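Some structures are shown below for you to check.
You will see two complexes here that share chain A, one where it goes with chain B and one where it goes with chain C.
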Partner chain A sequence: MTLELRNVIKRVGADTHIHETRVRFAETGFNILLGTTLAGKTTLLELMAGLTPPSAGEIWFDGKNVTGVPVQKRNVSMVYQQFINYPNLTVYENIASPLRVAGLARAGIDNRVRRIAELLRLTPLLARRPAELSGGQQQRTALARALVKDADLVLLDEPLANLDFKLREELRDELPKLFADRRCTVVFATSDPVEALLLGGHTATIHAGRITQFGPTPEVYRQPADLLTAQIFSHPPINIAPIVKAGDAMVVSDAVRWPAPAALRRLSDGPYVLGIRPHHVSPLRNGHQAAQIEGRVQIAELSGSESVIHFAHGKLSWVSHSPGVHPIEVGGTTRFYVETERCLYFTADGARIGA
Partner chain B sequence: MGKTENQKAWFFVLPVFVLVAFNALIPLMAVVNYSVQETFGNNVFFFEGLKWFEEVLHSDRFHASLLRQLAFTGTILAIEVPLGVAIALSMPRRGPWVSVCLVLMALPLLIPWNVVGAMWNIFALPDIGLLGRMLNGLGFNYNYTQQPFSAWATLIAMDVWHWTSLVVLLAYAGLSAIPDAYYQAAKIDGASSWAVLRHIQLPKMKRVLTIAILLRFMDSFNIYTEPFVLTGGGPGNTTTLLSIDLVKMALGQFDLGRAAAMSIVYFLIILLLSWIFYAAMTREEGRS
Partner chain C sequence: MKRLSWLVPFLYVLFLLLPIYWLVSMSFKTTNEILGAFSPWPRTFTFDNYIKIFTDRTWYSGYINSLIYTTVNTVISVVVALPAAYAFSRYRFVGDKHLFFWLLTNRMAPAAVFALPFFQLYSAIELFDTHIAVALAHCLFNIPLAVWILEGFMSAVPRQLDETAYIDGYRFWRFFLRIFLPTIAAGVGVTAFFCFMFSWVELLLAKTLTSVAAKPIAATMTRTASSSGYELGLLAAAGTLTIVPGAFVIYFVRNYIAKGFALGRV
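This part shows the complex of A and B:
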C-alpha cells in the first residue's frame, strides 16, 4: 500500500512547520524520517496519520485521497518516544484495547493478543500493569498494541530514543523482523543516522520542515544531493572545509592539496566546499589514495576499539574516526590521511557536484 | 582526613527545637496534662486518670457531634471531588484563557475564612440577603437561622464554594502533566471520551486526587471558623460540628478536663481516618 504526500504544506499561525513536500513512500521495508529535534518529523507523522490536517496539498493512501479522513476512520497505528499505554490496564488488556474498540469477538481477540504477545516476548507479563514493567517491556507493549490491529500504516516516532543502550540495540534488531511479513507501510522517525543505516529501507532526510532528499538509505548516505543532507546523515558530523579548485588541483591550504577528480575538471576554478566523513580521515595510511594533512590534536576519545580524534588544521577543526586505538598525544601535531576518493564536493550554495 | 568534631551543629538546630516545642509539643503536653486532671480553679489539680476519656467516649453529646461531623465531611467530599474534577476537565488546556481560569479558581481560596462566613451569613439572610431573599421569593421556605435543613444546605454550599477550587487546581495540575501522546494514542485507537477519562485521565490524576481528598478531609474535619460565623452551631445544636462543640465545652463551660480529653480523641480520630484513607487510596501502588 502506497503512502503519498502531494504538495503538502502545514502552517501553524504565521509559522510554516512543513514546507511544500512531495514524497511517495516505499511499500516494503522501513521509510525512515531522519532529522534533528524540531526538524518536522513528528508533524509529518501527524499529517500522515490524519491527526492534524494539512494547510494545503493532499495525502493519498492506497490509491485513495485520505486528506480529510479522521484518524479513527483510517487503519493507522502509532508508537511514541514516551511509552504510551493505558496505566490502569494489564498488558493483556492494553494489547486487546484496539481490538475491543473495533468490536471483535472475544475468542478472536484472545487469539490475536496471545500471538502478538508471543512475538514480542510479552507472554509471561500479560497480567502485569505498565508501571510494573521495565522501559523496554513497556515499549514492547506499545508496539504490540500497534501491531495487533494489523494496521495498513504504522508510524513509529523515535520509539527507541527513551530506551537504555542495550534494550535499544535489542529492539532495533527485532523491529525489521517484526514487520518483515506484514503488508503495511512503515514510517520510522529518528534523529540517529546510525539507526537509519542499520534499519535500511528508504530514508528521507528532513531539515527545518523540508525533505532534503528521499531514496534508498545507502544511496542517500553515499550520494547526498546536497550539503544539508550530508550533514544530517553523518555521525560523527561530517568535516566541512572550504576548498579552492586551481587548475588541476584541489587546494585546502598551502600544504594540503590533491589532484582534482574527473568530475570536477570541467568546472571553473574558484571556491567550493569539501565534505569528508570522519571515518575517511585516519591517522593510518591504509592503501587508499590519500592526501596528508597535519593538525594539532585537541581531543582524543579512545573507546575500546576505535578512536575519535579532533584536530585543528588552520582555523578549522577536523574529526577523524578510525578503527583501533591510537596512542595520540593531545596538544601534539599529528599527520592524518584523507581518502580523496571519498571526498564530496559542493558548490558554494550547497548543491553536490556530480549528484 | 578526619572531621573536626564539635557541638556547633546543635546551635543551628536549636531554633527549630524551640519553635516546635512552643507551638506543638508544649501545648500538646498541656492538653494531655489537663485531660487526666480535674481543677476547680486557683491552680489546684486532682488526678483523675482516664475518667474524662470514658465520659467523652460514652457521651451522647459527643456522639451527636461526631455524627454531624462525619455527615458534613462525607457530603462535601462527595460533592467537591467529582465537581472539582469535572471543572478541571472542562478548563482549557492552553491559550490565554488558562490564566484567567486559574485566577478565578484561586480567588475563593484567598479569602479569609471568617470573611467567607460573614459573606454567606449576609448573602443568605432571608429578609435582606441576595440568596435568602431570592429563594423565598421563588417560593422556598428558606431560613438558615430557624430551620436545620436550610442551615445545613447553606453550610455545605458555602464550603463547596470556598474549597472546590482546591480540588480543581490539583486535578488541573494532574491533567496538565499528561503528555499529548496519550490523547493521540487514544484517538488512533478510536477510544471514546469516557474511555479516555476512565483509562487515561483518572489513573493519571490518581496521585493528586489522593492528596486533594486527604487535604479536604482533614480541613473539613477541623472546620470551625466558617460555621461559627454563619450559624454558631445552630439552630439549636443542629450544625454543631466537633470543633464548635469543643470550643463551647472548653471556653463556654470552662470544662477543661473534659475538653482536653475530647481534643485528644478528636485528634486521634483524624489521624486514624487519614491513615485509613491514605492506606486505601495507595493500596494498589503498594501491591505492585
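This part shows the complex of A and C:
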C-alpha cells in the first residue's frame, strides 16, 4: 500500500501550516516524521488520516485519490501522544470498539481482541477502565485499538513522548516487532533524532511546514541535503561554524585549519558553512585525520559513561560528545580533536556540497 | 488547643443549621404555640400541618406544578445547551468568544426586568398559566448557565478523543451519544443540578406567569394569612418540604459538583 502526498498545501486563515509538499512514503518499515514541536508533524498526520482536508493538492492511497474521502471511510488508525482511550469503556471494549462499529460478528471480535491483548500484554487488564491503568498500559491499549482493525495506514503521533524513560525504551523495542508481519504503511512522528535512528526505516525531516528531505533513515542522517536537515537530525545539536576555503585549506580560524577534502577542491575559494556532529569532536584523538581546536570549557555534563562538554573557541560555541568520563576543568582551556573526514560542508544558503 | 479544634466547625455548622432547625421545629408546632411563648422544640408535637399539605389540593398542587416546570426546564436547558456547548468547545467561528460572553450577560439583569415582556407575550399567545410558560421563561437564565458549565467540561476532554472515534469509524451522533456524553456525564449531572436548583428557587417569573393551573409552591407559600388567620405552622411545613427536593438532588450529584468546582466552571 502506497501513501502519496501530491503537492499538498494546508492553510489555516492567513497562515500556511504545510507548504507545498510532495512525498511518496515507503510501503515497508517505519516512515518517520522528524521535526521539532510545531514543525507541522501532527498537521501532516491529520491530512494523511483525512481528519482535515488539504487546502490544495491530492492525497493518494493505494493507487486511489482519497483526498475527499471522510476519515470514517478510510481504513486508518492513529495513536496520539496523549493517551487517548474511551474513558467510559473497559480496556476490552476500547479495543473492540472499531470492530463493533464496523459491525463484525461477536465471536470474531472476541477472538481478535484477545489475540491483540495477548500480544500487548493487556490480558489481565481487560476488565479495567483506562483511568485505572498506568501510562504505559494506557498507551498499549491505544496501540491495541489501532492494531486490532488491520488498518492499511497506521499513524503514530509521538506515541512514546509522554512515557517515562524505561517504558519508552520497552515500547520502542516492541513497536517494530508489532508491525513486522503486517501489510500496512506506518508513519511515526517524533521530535527525537535518536528515536528516528533506532526505529530505522525511512525518515522525512520537517521544519516550519516543509519536508526538507525524505529518504532511508541512515542516508538522511549521514548525507543531509542541507544544513536545516542536519540540524533537525542531530542530538545534541550539530556544531556550526563559518569556514573559509583558501586554496587547498579549510580555515576556521588562524589556529584551526585543515586540508580541503577532494570533493571541495574544485570549488571556488570563499566562505562556506561547516557542520560537525558533537560526537565527532572529542578530547581524545581518534580517526585518521584530526584537526585540533582549543576551547574554553563552559559546561561539562558527565553521565555514567559519556561526557558532553560545551566549549567556546573565539565566537564559536561548540559541543563535544564523547564516550568515557574525562577529567575536564570548567573554565580551563582544553584541546579537542575534530574528525575532519566527518565534516559536512554547506554553501552560504544552506545546501550541502556534494549532496 | 488541639482538643478544641472541633469547636470551630461545630459552631459553624450549628449557626448554619439553626434556621433550618427552627423551620423544621416550627413545622411540628401548632400556630398557637409558635405565636405563644419561646419554645426551642415542639411541646405539642403535631403532624397536622403535613397532613393538611398532602391532602389539600391547593397546597400539594403547588409542589406538583413546581416539579413539572422545573423538570421540563431542566430537560430543555440540558438538551439545548449540549450542542451549543459542543460547538463553543470544538469549533472556531466568527465572534465565538463574544457570543460566549454575551450568553453570560443574560444572567446579569434581574428577572423582574423580563417579567412584564414575558407576561404580555405569553398572554398574547395563550401560554399564560401553563407549565411550559414557566419552563421556557426559566430557560432565559438556565441555558446560558448550562452552556457555560458544559463547555468547561467538554473542553477538558481532549479533541483527540473525537478524532480517535472518527478514525475508529464512529459517525458523529454515535460518537456523541455513546462516547462523548458518558465521558462528560459528571458535567451533565452538575448542569442538570444547577438548572433544577435555579428553576426551583425562582419565584418572580414563576409567580407572574401563572395564576391557578400552574401556580408554584413558592407562590402558595407567600400567602401568609388565610381566612382562618395566620397559619405559620403550615407555612413552616411547606418550607420544610420545599427544601427536600433540593437536598435530594444535591445528595446524588455531590461528587460531580466537587469535580465541577475543580474545573472552575461552577
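The rule we apply is simple: the second predicted complex is superposed on the first by the 354 of 355 C-alpha atoms of A that agree within 3 Å, B and C clash if a C-alpha of one lies under 4 Å from a C-alpha of the other, contacts with A are read in each partner's own complex, and residues count from 1 in each chain.
Criterion: a contact is a pair of C-beta atoms (placed from the backbone, for glycine too) under 8 Å apart; a residue touches a chain by one contact, two chains touch by 3 or more.
What you are looking at is a predicted structure, and each value in this text was computed from that prediction instead of being measured.
Peer 1: Fit or clash for chain B plus chain C once both are placed on chain A?
Peer 2: When both complexes are placed onto chain A, chain B and chain C end up clashing with one another.
Peer 1: Is A:Thr16 touching anything from chain B or chain C once the two structures are fitted on A? First, second, both or neither.
Peer 2: Touch partners of A:Thr16: none, neither chain B nor chain C.
Peer 1: Just checking: does A:Gln72 make contact with chain B only, chain C only, both, or neither of them? Give me first, second, both or neither.
Peer 2: both
Peer 1: Could you tell me if A:Tyr80 is touching chain B, chain C, both of them or neither one (first, second, both, neither)?
Peer 2: It touches chain B and chain C both.
Peer 1: Check whether A:Gln223 is in contact with chain B, with chain C, with both or with neither, and answer first, second, both or neither.
Peer 2: The answer is neither, since A:Gln223 touches no partner chain.
Peer 1: Which holds for A:Glu132: it touches chain B only (first), chain C only (second), both, or neither?
Peer 2: first
Peer 1: With the two structures fitted on A, what stretch of chain B runs into chain C, 5-13, 23-31 or 41-49?
Peer 2: Only 23-31 shows clashing C-alpha atoms.
Peer 1: With the touch criterion stated at the top, can you tell me which chain A residues are shared between the chain B interface and the chain C interface?
Peer 2: Shared contact residues on chain A: 46, 49, 51, 71-72, 76-78, 80, 82, 84, 86-89, 97-98, 101-102, 145.
Peer 1: Inside the complex, what are the residues of chain A that reach chain B?
Peer 2: 46, 49, 51, 71-72, 76-78, 80-82, 84, 86-89, 97-98, 101-102, 129, 131-132, 145
Peer 1: For the complex, which residues does chain C have touching chain A?
Peer 2: So the residues of chain C touching chain A come out as 158, 160-161, 163-171, 174, 179, 182-183, 185.
Peer 1: Which residues of chain A touch chain C once you look at their complex with the stated criterion?
Peer 2: Contact set of chain A toward chain C: 46, 49, 51, 71-72, 76-78, 80, 82, 84, 86-89, 97-98, 101-102, 142, 145, 149.
Peer 1: Touching residues of chain B toward chain A in the complex: what are they?
Peer 2: 179, 181-182, 184-185, 187-191, 195, 199-200, 202-204, 285, 288
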